[in-house]
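Read the structure below first, then the notes.
Chain lettering (A, B, C and D) follows the sequence in which the chains are written, and residue indices restart at 1 in each chain.
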Amino acid sequence: MAIVLGQNQYGKAETRVVRIHRDTDRHEIRDLNVSTALRGDFAAAHTAGDQASVLPTDTQKNTCFAYAKEHGVGEIEDYALVLARHFVDDIAPVSRAHVEVDEYRWDRVAVEGGEHAHTFVRTGHEVRTAAITIDAGRAVNAEWVISGIRDLVLLKSTGSQFTGFLKDRYTTLAEATDRILATSLTARWRYATAQVAWGEAFGQVRQILLERFATVYSRALQQTLYEMGSAVLAARDDIAEIRLSAPNKHHFLVDLAPFGLDNPGEVFHADDRPYGLIQCAVTREGAPPAGPSWESPATFA
Amino acid sequence: MAIVLGQNQYGKAETRVVRIHRDTDRHEIRDLNVSTALRGDFAAAHTAGDQASVLPTDTQKNTCFAYAKEHGVGEIEDYALVLARHFVDDIAPVSRAHVEVDEYRWDRVAVEGGEHAHTFVRTGHEVRTAAITIDAGRAVNAEWVISGIRDLVLLKSTGSQFTGFLKDRYTTLAEATDRILATSLTARWRYATAQVAWGEAFGQVRQILLERFATVYSRALQQTLYEMGSAVLAARDDIAEIRLSAPNKHHFLVDLAPFGLDNPGEVFHADDRPYGLIQCAVTREGAPPAGPSWESPATFA
Amino acid sequence: MAIVLGQNQYGKAETRVVRIHRDTDRHEIRDLNVSTALRGDFAAAHTAGDQASVLPTDTQKNTCFAYAKEHGVGEIEDYALVLARHFVDDIAPVSRAHVEVDEYRWDRVAVEGGEHAHTFVRTGHEVRTAAITIDAGRAVNAEWVISGIRDLVLLKSTGSQFTGFLKDRYTTLAEATDRILATSLTARWRYATAQVAWGEAFGQVRQILLERFATVYSRALQQTLYEMGSAVLAARDDIAEIRLSAPNKHHFLVDLAPFGLDNPGEVFHADDRPYGLIQCAVTREGAPPAGPSWESPATFA
Amino acid sequence: MAIVLGQNQYGKAETRVVRIHRDTDRHEIRDLNVSTALRGDFAAAHTAGDQASVLPTDTQKNTCFAYAKEHGVGEIEDYALVLARHFVDDIAPVSRAHVEVDEYRWDRVAVEGGEHAHTFVRTGHEVRTAAITIDAGRAVNAEWVISGIRDLVLLKSTGSQFTGFLKDRYTTLAEATDRILATSLTARWRYATAQVAWGEAFGQVRQILLERFATVYSRALQQTLYEMGSAVLAARDDIAEIRLSAPNKHHFLVDLAPFGLDNPGEVFHADDRPYGLIQCAVTREGAPPAGPSWESPATFA
């Protein structure tokens, strides 16, 4: 049975583009980590070492910088869409482009009660993300946009239980009627369209996720995630699907009894590993298909 | 259009199991990082907060430890297979189990020319990996085994070029006829069977990857990877597919001309980011299908 | 010449104490990373393996948790002072205790315009720190308090230059009259007393650091740091000394000329390594001496 | 009381120099991370923003690369000594130079039983280190050389106990007569001279550390460290002092009794945090004084 080349892709990962918009004295900053990946007719590069169809990853990097100047960086989804369209439209061997952008958040430094015009402080642990996939030719539905957030670290100090679970020979966990629930959330949602007010949508989704995490009484992280995801889809018709991945960052109640102390939910040990990992998707029936949009270099191997 | 629960899974990630085999004075050590993920009938946990079908992740952790005692830890593939079979066979709601194991390598400390019986030093940057997927009922071909290696950092100081590539408006890269080629390789290969002498196979694959990287004159990382993967499949009929993911860890020749010095391939700056990322699969025609074996918590969102 | 035991210390590092104050429905959270280190008469432990004078590091960890209950956690300086006093007062062999605390910042989640009572989101990259050193017997001036902040990531997109510097044979850097200045600041300041409103002082120092970074026109990072430190000492008589350590996080202007584009301070590459590292202390003449307060496990080896 | 500039230093951190020696077909590789720090007459840079005495950190980086060509890289101590001498001798305002070098280890890839001439694999977790301090004028004893190793991860699966320790109200730890002892060792030793066969000395010290860790029956990590350090000083008269810093990487015996299983030292949980941190110095009476040699940017703030 023959040995053949299978799926392959290549690109430039983690180009750290910082774009200052300085049209007025009040500067704007966009701080990005951009990764590109191309698929197409690259068989000869693999089997014969022939690079005639291979646009260097160095060129892809240059393009990320040049486009930040030529097209500016508004919302990261728009910036990534323009980049991805360029690769499939202008580079002949490319049949599919995948562009991922992480954006780091900066706030203006407060000076004498006002916001400084050109000085910023990194804020938030969290990262805003976008992942664009475009197929060459671009038939209907061949532009996919996934937006997201990661490293959104959340904790509620009550309003969470874990009881009534399945038990087997290896079960020792006690039921908990009041516990800390904490996670470092990754949420990614796929739009049904590429025509969205991205920044506004991001803000709305983020707020829904926070509010539902806060206000839903949690019988398990699964239920909390499903409520969060459902609320996002209920609020926005243009979102086809959301995926949530949530480590259960365990906070163990410390046994203070040996020291003659009680501990009614006050002193916890925040453990590193292992952690539970709970993942679920919430989808809209009849939404456009996902196609290859969830594939990326990170899922390849 | 209705909002519904989509794909979901849960488990315990990164349980750090260390198993000492001390049947004789010459101890053996297995140092593992184990992650489990279960799929099945968990809808009620999401939609109603009903945990009656949910085996706690804490129990999954306990099982990892107990199985290390009851079954020992020989090759990580065997250990993971036994764990995964347990989850699908013994836990009613589970329809699919996915178990991943990383193994850290220890060598014996040399004392007076001999190997010490119970003292070890961590060696190698690299990590040996296994990922097992088993479907309940276990029809033919419903046990998938992927073995692998990651963080295998390789460098060749000559025998590599990059020339004749596609150029566009954004291309500034000079052609290189002699350069450093360096990567931190991730390789994962899927077996066509679950009956393999895992340790021996791992050693053979690792050696082939190293030798081919060393001896193939490289016209591009794509070609090197394809040669490495092809050689693995040529050597072992029981491997259906191999996937290689290789960051191109750039080593830039430093321009010493301003200091009146030439630099014929002697002084380089090892850059961190961005890096090229080259990925390819090499497959055997007619091999058993991959099924869900490449899916994992890491590829979910 | 005899071989003898030199300086030595031991303790428990990175105990992750989370304290929930839940006296009312509006919970408070303190999220800490606590490290203790003890010096004293521990020679026999080293030279004879005799542990009779060694309070286990496990006990030190237990004490961190128990004190979080018994004494609560208000300001981290107070919590660390109480812990350190306990070790030198109550554990006979201890002659010096050093307690370091990192505090991670959480904000309340906003729900319907209000602050949620028990749900929090991690905010800020930055970490508040405290390092307490106490000598047994506690003569005057034998309690030292160093407070600080680290990972305070700052950037100004103009208002910075670097010109007129020393040049030698190896200098190729062009002068810059307008550049990005960015750093990830570590600032630590030593108080002249242990009687301070710690939280208020921390807030004031942080704000001065931010404002001075924003408003001082920078002729070099050295000058910026000195201005920041001087302003802190000018504002608070109870601070004896401040030390600032600032990586110069380089943002290189990208050359877009090959693409027919100009780049007037708009598109930058944020580089990882190498980075400049600028460090300076600003001190008050005649302030109480620092004693051993700057020594810590991190500076030992 | 006046506010004045205190200690200050600046330099370029983490320049990643890779030097290939290719005088024959059998290449040699030196893979380094180099940091420089200068002290001297830099007050005007701080107080007036005057850079006339400031050699840019960019120039320091260039010098690291140029010296790798001009002087080659043999042993890292020699390379760092030449660099540090240059800064104090040739740059007028510099009164003290501190150069630190980390070296990453590569082995040759084995091909058909032989060693490949120009292909290497990163090996070992551990890093070899050197820290050179030189004062301008260079009086006798004004060149200090500290060599070291870090991230040397060691484990012994028996031959370790912890009993007879001090107990107080907060002590719950059970005595252990047979436990795993594991650490990630940092060892740094100061030479009494700058005339040493550095590579040979490094190999000897590393081997002594490994052997003593293996063969000393451990009554506590303190005792093990002291035995390791003493053995090094006993073996080499040219070493004045050694400092050892050792996290006690806890491996907790898992309680398998709930599952009807015993656990006689076979199954352990490798915990991340907290960890014990044990540090001691072993010194030679009458050795030359350490001067500023242990100070570095890492100990500044």
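Here, contacts are C-beta pairs under 8 Å (C-beta built on N, C-alpha and C of every residue); 3 or more make two chains touch, one makes a residue touch a chain.
Computed from a predicted structure; not experimentally measured.
*Asks:* Measuring between Cα centroids, what's the chain most distant from chain D?
*Replies:* Relative to chain D, the chain whose C-alpha centre sits farthest away is A.
*Asks:* Name the chain pair with more contacting C-beta pairs, choosing from C-D and A-D.
*Replies:* C-D
*Asks:* Indicate the whole-number Å distance between the mean C-alpha point of chain A and the mean C-alpha point of chain C.
*Replies:* Chain A and chain C have C-alpha centres separated by 31 Å.
*Asks:* For chain C versus chain D, what separation do you get between their C-alpha means, in angstrom?
*Replies:* 23
*Asks:* Between chain A and chain D, what distance separates the C-alpha centroids? Give it in angstrom.
*Replies:* Between these chains, centre-to-centre, one finds 38 Å.
*Asks:* Multi-chain contacts only, two chains or more: what residues does chain D have there?
*Replies:* Residues 15-16, 62, 66, 170, 172, 258-259, 272-273 of chain D each touch two or more of the other chains.
*Asks:* In the complex, go through chain C and note every residue touching chain A.
*Replies:* The contact residues of chain C facing chain A are 15-22, 27, 29, 31, 62, 65-66, 68-70, 106, 109-112, 116, 118-125, 152-159, 180, 207, 210-211, 213-215, 251, 254, 256, 258-259, 261, 263-272.
*Asks:* Quick one: in the complex, what on chain A touches chain B?
*Replies:* Result: residues 1-16, 35, 37, 42, 45-59, 61-63, 66, 90-91, 93, 148, 162-168, 170-173, 186-188, 218-220, 222-223, 225-226, 230, 233-234, 241, 243-245, 247-248, 273-287, 294, 297-301 of chain A touch chain B.
*Asks:* Touching residues of chain D toward chain A in the complex: what are they?
*Replies:* Residues of chain D touching chain A: 169-170, 172, 258-259, 272-273.
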